[in-house]
Amino acid sequence: MLKLIKKRSDKIGLPPGTLAHIGRTQDRKVNVSVIDYDEEHFEEKVVTSIDECFPFKDNPTVTWIYVDGIHDPNIIKSLGDHFGIHPLVLEDIMNTGQRPKLEDFDTFLYVVLKMLYTVGEHNEIRGEQVSIVLGKNFIITFQENEIDVFDLIRDRLRKSKGRIRKVGGDYLMYALVDAIVDNYFLILEKFGSQIEDMEKRVMTDTSRDTLQKIYNMKREMVFLRSSIWPLREVANQLERGESVLIQEKTRTYLRDVYDHTIQIIEAVEAYREMVSGLLDIFLSSLSNRMNEVMKTLTIFAAIFIPLTFIAGIYGMNFEFMPELKLRWGYPILLGVMLMIVFSLVIYFRKKKWF
Amino acid sequence: MLKLIKKRSDKIGLPPGTLAHIGRTQDRKVNVSVIDYDEEHFEEKVVTSIDECFPFKDNPTVTWIYVDGIHDPNIIKSLGDHFGIHPLVLEDIMNTGQRPKLEDFDTFLYVVLKMLYTVGEHNEIRGEQVSIVLGKNFIITFQENEIDVFDLIRDRLRKSKGRIRKVGGDYLMYALVDAIVDNYFLILEKFGSQIEDMEKRVMTDTSRDTLQKIYNMKREMVFLRSSIWPLREVANQLERGESVLIQEKTRTYLRDVYDHTIQIIEAVEAYREMVSGLLDIFLSSLSNRMNEVMKTLTIFAAIFIPLTFIAGIYGMNFEFMPELKLRWGYPILLGVMLMIVFSLVIYFRKKKWF
Amino acid sequence: MLKLIKKRSDKIGLPPGTLAHIGRTQDRKVNVSVIDYDEEHFEEKVVTSIDECFPFKDNPTVTWIYVDGIHDPNIIKSLGDHFGIHPLVLEDIMNTGQRPKLEDFDTFLYVVLKMLYTVGEHNEIRGEQVSIVLGKNFIITFQENEIDVFDLIRDRLRKSKGRIRKVGGDYLMYALVDAIVDNYFLILEKFGSQIEDMEKRVMTDTSRDTLQKIYNMKREMVFLRSSIWPLREVANQLERGESVLIQEKTRTYLRDVYDHTIQIIEAVEAYREMVSGLLDIFLSSLSNRMNEVMKTLTIFAAIFIPLTFIAGIYGMNFEFMPELKLRWGYPILLGVMLMIVFSLVIYFRKKKWF
Amino acid sequence: MLKLIKKRSDKIGLPPGTLAHIGRTQDRKVNVSVIDYDEEHFEEKVVTSIDECFPFKDNPTVTWIYVDGIHDPNIIKSLGDHFGIHPLVLEDIMNTGQRPKLEDFDTFLYVVLKMLYTVGEHNEIRGEQVSIVLGKNFIITFQENEIDVFDLIRDRLRKSKGRIRKVGGDYLMYALVDAIVDNYFLILEKFGSQIEDMEKRVMTDTSRDTLQKIYNMKREMVFLRSSIWPLREVANQLERGESVLIQEKTRTYLRDVYDHTIQIIEAVEAYREMVSGLLDIFLSSLSNRMNEVMKTLTIFAAIFIPLTFIAGIYGMNFEFMPELKLRWGYPILLGVMLMIVFSLVIYFRKKKWF
Amino acid sequence: MLKLIKKRSDKIGLPPGTLAHIGRTQDRKVNVSVIDYDEEHFEEKVVTSIDECFPFKDNPTVTWIYVDGIHDPNIIKSLGDHFGIHPLVLEDIMNTGQRPKLEDFDTFLYVVLKMLYTVGEHNEIRGEQVSIVLGKNFIITFQENEIDVFDLIRDRLRKSKGRIRKVGGDYLMYALVDAIVDNYFLILEKFGSQIEDMEKRVMTDTSRDTLQKIYNMKREMVFLRSSIWPLREVANQLERGESVLIQEKTRTYLRDVYDHTIQIIEAVEAYREMVSGLLDIFLSSLSNRMNEVMKTLTIFAAIFIPLTFIAGIYGMNFEFMPELKLRWGYPILLGVMLMIVFSLVIYFRKKKWF
């Protein structure tokens, strides 16, 4: 289930800057790889010891250090110390309970984002935290799980497609952020078709299961919103920020990302309204359903109760009941009963009860 | 059905600036035509090859290139290259999932708008994306479908009516935007009369169909709002923007457009409240309906159940029941029953149950 | 019924500045009258031809041209041409679908307001559009219908009461706007007492008619709000605006008008909450009503169904039923039944069902 | 009952600055008293003719003129004329329909506030308008009714307690405003305990009276909010205002008042949410109640209807019904019926219906 | 129960700056202790007389005076006088009804916060007021109860861990504020798991107790919000404030606190939505429940009422009813009844009623 607050009870009272992993416990190995490139040159290697990354810091080419796994404080710490990252940032990188934000430390920019993905057949939404540190000639990315959102970008770098090899690290950061934001559209597409399915279902199916599903959708919207609103803020700060690390030409591209975040927010807000509309319809359908049940009951009762009464009359044991002696009394009574049934049926038809 | 998020799954991971059409698949031919005019002179021609447009770029008269169909990347690309349009703009032109926006690239202005129209007898609202690029002596418009909103403006140009021929491309852009915005009033007129119809219907008709219609109206309001709020922003930016491409005199006209967008927004917000009011009334009507059903049942039951009981009493087989022997026992009992019926009828009348 | 969007379908596509009347069709004559005054001097005349107004433009005294009827484009146009009013303003004057606004054209101020009044015994709210053009020595007012809101001001001018004759046209405009705004208090007084009536009624009367009335009140609030929020904006612009046409001393008075608009807005917002509270109470009353109906049914059923069952028992035809032979069987049974009735009655009383 | 809009119909059309009392009609005498003090000196007297106040205007000590009763235009007018108060302010003083506001006229500050108090055993909230005019050496307060909120301050002045005698008129104004604001806490205390009472009651008591009370609480919140939001604005303006009449040292105290208004607003907003929560609970309780009624009915019906049917079977007059001849038929049948009752009781118990 | 407004009736009318304790009455002793430290040196002592604190004021090391208990005006007053704290601040320290706020008095900063903790098995949320006064070389903290939130920080000081001993009093204040804010995460964790429990329960348990619990959760959210929104404001002012008492380096840490408060606010807002979603589900579950009850009733009634009627027919005493004479009449009738039961069961199954 989606959690808004990560368990951090154990960490309370530690001094700030203490590196403690907050998030799902993991015991897999941390994978680190390095890509170093400029327009001419391209180098990629998987790193076995973290020290192998350090020489890249001072060469003029763009270096992308890719850290998959944030649960090992030693790796985070030695990277941080060598590349001059503030201890509070290192703490934030390891704490997966961050909200998306951008922090400008003059010598580097720190961006935290949530990469969303869906699992299972119900397309349950999950979030993975991605941290990006942009320095002068380097960019370091940290991610929680193995789900690899940056594969396509690595490919583009390898194949030397487009602008990406010709320009600096800021453009690479744009590409990374763009990849994450683009992914939100996929999530929204899926969510949108879930809503459409539910719109058809809610009119007829008033079971507890439908209610549960609508509530889950509402809950997921709450989660989505809390990831997306700060995302927009980050995109805006990137576009308008004062940082010297981002070149003027890249800002046009970042404006595009900002535009996308606004589109996403508007879609989420619209979906929110639709989901709450679904709940209204569910309640109306329930009432409609109850109406139908009551009508059935009333029709049965209104037709048979008077008839039973009449039958009761002629079941009385009075000595002097002349009708009982009549030769045609019984068939006549049956006829009268049939007439009563017919007139009641016509009456209810007129009221459009069935 | 209206979609807030267009399917863009296939495009994820492409580098920015890649031209890929996002929207309904189309296989019709792209039609391009050119109108070139100043106060004295007027020329109009349908273009078979896109190169025929290029010479118009540098002449001092106003040139309007009208592109009907945005699914052919080649046409978009060669136009863009020749007229100096930024690759990200070309990408946006082909992606029909844009929200209305204005972007100022110094050498040209880029405006995206949604042209709304209704289809079918239920007046379902559809949206078509219109992109306008305003350069120094030229204006290029791109639209998705054949629905021609600019016919009247072409007519005015041809017939040399009014200011339109005397002033520059910025006034033409105003005229185009104004035509699109004016069209919103038509949509709102139709929507307003749908609401009025529903107001009459909802008091008496509590069927599932009514509920479905109210929900659809709510959904359409969500869609309308998401087109209209950014529209206002665009109009505001046009009026107050710093762009040198727009002359001071044209701004007065653009203020008028801005006023219209505010009127439209207020109408939409008011309609929203009304639609949600309709849902409240629907629910109240449902409850009222149920009340009626229950009253019918209660009246039937309250009248006949006691009578049946009395008949049951005299249907018992006790040996010593003196009433059964009475000569007038049966008629007296019938009389008593009638009195019970009458007093119950009076009781329920007093309670205003029928 | 109140319309938020006036029918303007016929006007779509006309070039801007085209004078076309949008509003209820009228065929009455347009009445124009002129008042010309300064501290010493007062002149008033009804004008038969519009040209008679023109000489007043250049004399130094304050001239108030009062146009009753806006459906004649010729009159509007010749006035506009002579007094130098922008074509877009003339278009707006004739289009009764304007929202309240103020536009500053340096040489003149243009103010549109909605004068509200009530018709019929249900105090249905109607709105009439009033346009005021304030120039250097003149003021022109345009109104849609004959309902005369400015009578008292003409009287004050005639009788030379108070400041009004000593100061310029800006103070006259203040007086006109103040008269319109003051009128809103009357409307709100009436609306307030409607709400009080409804508060008493809604607790007991759950008929469809009550629901309809509450919905109508909600609808009227929607309409009122859409007239009043921009009104406040207008008052604010008047008070703080930069226009040289308004003297510093008049601004103190305009601040008073602004205060009134805020009071009106707060009242409208409070009424809105009350009306939506009324709907909640209506729904609760409906539920309460239903509860009552169900209780009646349940009491009847719970008392008589067991009794009928007992009577049914002794109506069975078993050969060996010793009770049937008892001399006091029948009266004893009746006694038992009475006891059952009493204990059920006590039970339901304890549950506070009646 | 609380009124948001005071009846002002009679005043419509009067020129601005006309002094007309708007509020509850009063015929009591207006009481005026004067307190004149500085650190050393203290003088207090009840004034019989308003002229007696005038000499105090020019002496350097602080003078507090206290006017109890605002329905006599003559007194207001002569005070206003002598102390140089703008006619529009005098008009506002007499019109009890003001919203709290502060107006800075350079030579004096005008503050209007609402003093709240409760009447009757239901603690109905009432509001009294208090106007304060702060000039260079004087302060004039106007209040509507005899309810005396400033008694304690007069006492402090008399007894020369604390700072109040050492500092200027601005500190006296702070003390007056503080007294009024402090009083709001009392009202909120009472309101808070009303909410607590209702929280207990609403779970069990679903009578119409409870609904009426909740609605009244909602209505009172609407009234409270409309007094309190502008109050905060006033306190803010006092603290941050530019007026030379308020010394820097006094601003620290005014910040304290501002803090209090924010606390009050937050409490009111929280209470609003609670009251609307109460309504939700009331509705839920109603539904719960209905559920109970329906269960009772269903249990009775489900148990006795099948039994009655069985009794009916053996009440039939077929000639060949072998069971009727059995010696133990009757007791066996009674046993079967008992078993049916038991199994149904167990069934409903399992469903947790009772 | 949580109170938004503390009883302050007794204090009304006292002059500002009067020290009066507002809060739960306490009769325990006030404990005061002092910690004095710099990088080298550490001293801690429990103070028996308040005068023992005074010498620390002027030494250059950082002094932390820790006051546990705010109900003794003498202690507060003598501390305040010696350390130069404004009387209004002393008043605020003793009044536990403060909202979180920061006040900058140039020579010292005054911060009020709410420390939250839970009591009892239902994790009821309580709040304790903590006041922090930061001066040049000293910091004084005041707290209401014995619940000790600062223990861990004292420990860190004693053990000379981390930065805390090397830097000034501003960093100590950061540590104190951070400890309080971190504690909010604990509260939210608990609240989050309460919501999850309720999500499971609300679908099946529609008892009054569930409703009461949901309401209590809503009420607690109201309380939480009113503590948390101003907390964010405080954190923001600390980070961006102009005070010279806070060094530039410390601000980076304070930004971290600010980030945390935003995370907390977003979680609270999300929880609020979830709690209101729970209420919707509760209502839907109630309706669902009612539906079930009604279906049970309807099925019983619809099956047995017709059968009873048929039995009633053959219980009539007409002389000429040929069926009664038939040898197989009774078994045939039983068969017919069985068929009716079966067809009704099939009918209701088709309608998915059971």
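Think of it as A, B, C, D and E in the order they're written, each chain with its own count starting at 1.
In this text, contacts are C-beta pairs under 8 Å (C-beta built on N, C-alpha and C of every residue); 3 or more make two chains touch, one makes a residue touch a chain.
These figures come from a predicted structure and were not determined experimentally.
Peer 1: Which chains, if any, touch subunit C and subunit E both?
Peer 2: D
Peer 1: Could you name all chains that are in contact with subunit D and with subunit E at the same time?
Peer 2: Where subunit D and subunit E might share a partner, there is none at all.
Peer 1: Taking shared residue numbers divided by all residue numbers at the interface, is the value for subunit C and subunit D over half (same) or under half (different)?
Peer 2: Result for this pair: different.
Peer 1: Just how far, in Å, is the C-alpha centre of subunit C from the one of subunit A?
Peer 2: It comes to 43 Å between the two C-alpha centres.
Peer 1: Quick one: report the Å distance separating subunit A from subunit B, using the average Cα coordinate of each chain.
Peer 2: The computed centroid separation for subunit A versus subunit B comes out at 26 Å.
Peer 1: Return the residues of subunit E touching two or more other chains; collapse runs of consecutive numbers into ranges.
Peer 2: 283, 287, 290, 294, 297, 301, 305, 308, 312, 315-317, 321
Peer 1: Line, ring, star, complete or other: which one describes how these chains touch?
Peer 2: ring
Peer 1: Would you pull the subunit C residues touching subunit B in the complex into a rising list?
Peer 2: 1, 3-5, 7-9, 12-13, 15-17, 86, 88, 97-99, 101, 103, 206, 208, 211-212, 215, 218-219, 222-223, 225-226, 279, 282-283, 286-287, 289-290, 293-294, 296-297, 300-301, 304-305, 307-308, 311-312, 314-317, 321, 323-330, 333
Peer 1: Residue numbers of subunit D touching subunit E in their complex, please.
Peer 2: Of all residues in subunit D, those touching subunit E are 152, 156, 161-164, 175, 178-179, 182-183, 185-186, 188-189, 192, 196, 199, 203, 252-253, 255-256, 259, 262-263, 266-267, 270-271, 273-274, 277, 280-281, 283-285, 287-288, 290-291, 294-295, 297-298, 301-302, 305-306, 308-309, 312-313, 315-321, 353.
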